[in-house]
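Next, two complexes with chain A in common: one pairs it with chain B, the other with chain C.
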Partner chain A sequence: MTSLVTAGARSRAFMTPYAFLLPALVVTAAVILFPVLQTAWMSLHDFVLFRPRDVPFIGLGNFERMWNDEVFWISLGHSFLWIALVVGFQFLLGLGAALLLNQSFWWRGLARSLVVVPWALPSVIIGLMWTWMYDFNVGVINDGLIRLGLISEPVAWLARPDTAFYAVIVALIWQGFPFFAVVVLAGLQTIPAELYEAAEIDGASRFQKLVYVTLPSISEVIATALLLRTIWVANSLDVILVMTGGGPGYATHTLPLYAFLKAYSGMEFGYGAALALVLTALLLVVVFVYVRRVAREIGR
Partner chain B sequence: MIERCSRLARILQVEIPVLVIVLFALAPYAWMVITSFKPNEEIAQWPVAYWPSEGTLKHYRDLLARTTFAGNLLNSFIVAVGAVAVGLLVSVPAAYAFSRFRFPGRRWLMVQFLVVNMFPIVLIIIPLFVLMRSLGLLDTFIGVIAGHSTFAIPFSVWMMTSYMNAIPTELDEAAIMDGASRLQTIRLVILPLVMPGIVTTGIYIFVTSWNEYLFAMMLSGQNVRTVTVALQLFIGEFTVQWGLLTAGGTLVAIPVTILFLLVQRRLVSGLTAGAVKS
Partner chain C sequence: MTKENTTHRKGLGRRRFLQLAGAGALAAPFAGSFPAPAIAQEVTVRWWYHFDNPQHSPAELVAKFEKENPGIKIVAESIPWGGGNDYYTRLFAALVAGNAPDCAMVKLNNQARLVEMGALEPLDDMLKGWEARSDIAEDIWQLNRASDGKQYYLPLQYVVLYLYYRQDLFDQAGIAPPRSFDDFLKAAKALTKDGVYGFGMRGGAGGHDHWGPFVLGGGATFEKGGMVSEKALAANRWFVELGTKEKVFPPSAPTDGFRQIIDGFKAGRTAMTIHHVGSSNEMVEALGDKVSAVPVPRAPDGRGWTSFGDESNAIFSASPNKEAAFRWISFLSTAENNVAFNGFTGQLTVTTSGMADWKLHPKRFVTASEQSLAIAGVLPDSPKTADFVRTVWPTNMQRALLGQISPDEMMHAFEKHFHG
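Let's turn to the complex of A and B:
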């Protein structure tokens, strides 16, 4: 009798953590796991929304179509360029900002708060404010550049195929550099002052201190932040959607945007799902590296 | 003399560059706010008038009186509060389990919450639309809140776990020694201590949900349209009415800016904990 009770108590104790987890697991399964499985199913079918009863299984047909789809390759190329430029410049700008904000001056606290503001804003607002600044007729960017003598007449930044992509990239760099500034700054604050003192005794110049003390000390932080940001930037499509909708032509198409447009405007959910799956598969490598780094922390 | 030199050097090498960066960070925002107070003639003026000769609230009045914007603000608020409620209700118990128990599958499950947070939105949004349509939940608050919980839950599970881990387990053990049950321990020891973390996480979910655009656009129609979606539609509808658009943008941006600045420091330490811990 007693052993039965303890066995019951023990199995109840064993179940306790799972009971606490249950709500989160159920909701996550419903809103994420199930949809993802459905994406996999849809990608194998010719699923067009306004034809819900006629969903033929076409195997890898969607992927075959992708292989021969010029727009897919254009979008993929843009995605790589997009990630490299956005993440690269966000990082450089964020690193510079963090190094400066780590110095001491009397309004440092205020500066640290204000620099973060772009991070807090909705992408729709970011798209809106930059579209307004890029405006062809009365935009402040054209006005400023003409006053500075850098251009002689207004440029239709978002309507020209050769400038639209880079114009959107500038807006994205602006939105994301505070993230790097904040993360790198937090890393800088963990570097012990003794390291700098020792370097100073050895007669290191300021640049040498940056290269031999600062950067190695925060390399882990930088690597994690770069991985996280690459994933985020690779997935982001809302600012492009608001600013150009992917145009002019296909000039600002990236892979997630193309997948979204296929489903949203084209109603071709099967093909959109296949595009989304390819994007995920490409990203999985980065996600894997990132998750492994973070998972090392979990055990403790 | 030396002191003045170094003071000058600091201004040139640190303070002026910082000022440039801060201005860069704030300029687009400031320009939106300034535009929203300009009369229409000055908005359409070329070369650009940088400062309104006479500020006006006309755009704000028009926006609230002539468009659905006030209702959209309310919808956004309801959705964001719903997302906060769902996110916290399921993630606080989950975080407690991850923080206080060692059980088979713990590590694996934690990693899964991290992985789903990295999934592209397009991967989830397309089937979620189909799912909500078949459940008849399109254009309802439940539908949009469910969409937002896809990012709210994984994120807050991680945030809350790191906040819970910061509470020493000796405190729970002491309470148990004093004869408290597990639920009493949670209610009397854990929850009060973790409250700042709950508030920070809640505010972050609120801000993210308020700012969110793609799920809201896919899953809402006229009934529960949020401000971000409404604003985007205005861009198409009132193409050249930049006064109206910037007034709307300002109304949407101000509350989240304030919330974000309020909790910024604690938020940043939570968000960067994984990245910075050495």
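Let's turn to the complex of A and C:
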């Protein structure tokens, strides 16, 4: 009798944490796991939305098609360049802004709030705003460059294959750098002042202080922010969609945009799902590194 | 002690709740039985619409209809248009999920897809008993008929694309508005100077409306082989070269959309462009008498083609309230209601009686629209048309304009899209 009670209590104690976790697990399964499995299942079919009664199973047919699809390779190449340039420049700009905002000047409070504005704006607004700034006929960028004498006639920034991609990248860098600025700024404030004092006594220059004190102290923060941002940027398509819709030609196609266009314009959900799955697989590598870092930090 | 009290109180609470719930459950059938007859008769019709100007609302029309048709309640849901993509993505998703409205505003370029899904209800039987049917011109019925011969769409409004031109610039140059392709090229070349471009071409989504008059008008068709015939290839080469060789398009043409072509024309950066009566009031506000319109130019053999911009209402086959839905959509296509509706959208009424006394647009633009009806056409009734309009046409047109592919390769891509 006694042993029975103890066994019951022990199993209850064992189950309790899982019972508490259950609601979260059920929700996660319903809104993440199930759609992922459904996407994987869909990618094995020739599922076209306006033919809901005729969905043949085609195995790896969609992936085979992708292998031979020129646009897939163009989009994939663009995606890598997109992530490298956007995340890289957002980081550099964010680091610079954070270092400036960490100085003391009388309107620092105002500057710190203003720098968050691009981050707080909805992506669609940012897309439209930059589209009009780049506009060939009435855009402020062409107007400014002509007045400064840097160009003699307006440039169709978003209509030229050699400029469109970089023009969109500039808009996205502008949108995302405040994230780095805020995260790095928070990191900077955790650095003990004694470290700088010690460096000063050793006769370190400003640059040496940055390289030997500041950056090592916030390297953890930077690494986490870079990983997180890579995942977001790799997935983002809203600004491109608004600014160029992927054009001119395929000049601004990235993988998520191509998957989106295939699914929602072509209504080829099967092929769109296959494209999205490849993107997910590539991103899982980054996610894996990120989750391991976070787990390690929690473990400490 | 405290713990016991709490438990006790809680227990009481639960018991009390159960008592109340039980009483409620017992009372429910009685509560329901009294107002039931009125509710049972009341039918709710869900209708999806989109207006370009979000400040416009069909509330007055809904109120008028509900007053005339007691027992039918209209739930008008404004759905974001997003160049058509947003609207149709929502519509198709709702249809597949079984949560579609009873009826909705629809365009011809998605009719074939909807028919293939079995989503549309044929209206032929209901139309037989509709007295205002003859107030809509036969050619409009004809254009809206599906390829299986059935009438799924009840016409609501229309526009026809024509050529806007700058009267003052043409007068200064001493040339008349173009009637033929040759006239058009001459005029575009003469007017391309001093930062002004002859033709504000739309290379972004929706730009097939600018390509159609010259290439479909010039002999290309959507039949098998129709895009790659000698005549079709030559017409397309001529059109692409307007941009690449003659340079009468602004450099931004490859990605210019609706807003850019209209604003470029209003700002005096282009001398001609193609659009419909929906933008005429805005044009006149900016340019006054300096802007006028004629039908799009015709091919050397006298053929022509221009886009018929349609909008209809359709009823979905899954709707349990088809009769009531038909009453609502036919109400919207009846004379003065249809005129009021077009007041919100800025397009033209489909009713002959409504057209007789038209005040919403300056006369010269309505005349250009009416004169264009003779050559107005629609893209093929095929499930592939929507994707052609949204991605295949813009992508290939842009690549051809930028010299990434040849004009002929562009036409082969179209042929492949429709016929494999």
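By our rule, the second predicted complex is superposed on the first by the 268 of 300 C-alpha atoms of A that agree within 3 Å, B and C clash if a C-alpha of one lies under 4 Å from a C-alpha of the other, contacts with A are read in each partner's own complex, and residues count from 1 in each chain.
Going forward, contacts are C-beta pairs under 8 Å (C-beta built on N, C-alpha and C of every residue); 3 or more make two chains touch, one makes a residue touch a chain.
Small disclaimer: the values here were computed from a predicted structure and weren't measured.
Placing chain B and chain C on a common chain A by superposition gives a clash between them.
Shared-chain residue A:Tyr264: touches chain B and chain C both.
More chain A residues lie in contact with B than with the other chain of the pair chain B and chain C.
By the document's definition of touching, of the two partners only chain C reaches A:Phe136; chain B does not.
In the superposition on chain A, A:Trp73 makes contact with neither chain B nor chain C. Of the two partner chains placed around the shared chain by superposition, chain B is the only one that A:Ala295 touches, whereas chain C remains out of contact.
When the two structures are aligned on the shared chain, A:Pro23 is found in touch with chain B, with no touch to chain C. Of the two partner chains, neither chain B nor chain C is touched by A:Tyr166. Across the two superposed structures, the residue set of chain A contacted by chain B and also by chain C is 49, 135, 137-138, 264. Remark: chain A residues 14, 16-18, 20-21, 23-25, 27-28, 30-36, 38-39, 42, 49, 93, 96-97, 100-101, 103, 105, 107, 111, 113-133, 135, 137-140, 143, 146-147, 174, 178, 182-183, 186-187, 190, 220-221, 224-225, 228, 231, 234-235, 237-238, 241-242, 256, 259-260, 263-264, 269, 272-273, 275-277, 279-280, 283, 287, 290-291, 294-295, 297-299 touch chain B in the complex. Contacts from chain C toward chain A in the complex involve residues 85, 89, 92-93, 96, 113-114, 116-118, 195, 203-205, 250-256, 260, 263-264, 267, 269, 383, 386-387, 390-391, 394-395, 398-399, 401-402, 404.
Interface of chain A with chain C (complex): residues 49-53, 135-138, 153-156, 158-161, 164, 244-250, 261, 264-267. Residues 10, 14-15, 17-18, 21-22, 24-26, 28-29, 31-32, 35, 43-48, 50, 86, 89-91, 93-94, 96-98, 100-101, 103, 106-107, 109-111, 113-116, 118-131, 146-147, 149-150, 153-154, 157, 182, 207, 210-214, 218, 228-229, 231-232, 235, 242, 245-246, 249, 252-253, 256-257, 259-261, 264, 268-269, 271-272, 274-278 of chain B touch chain A in their complex.
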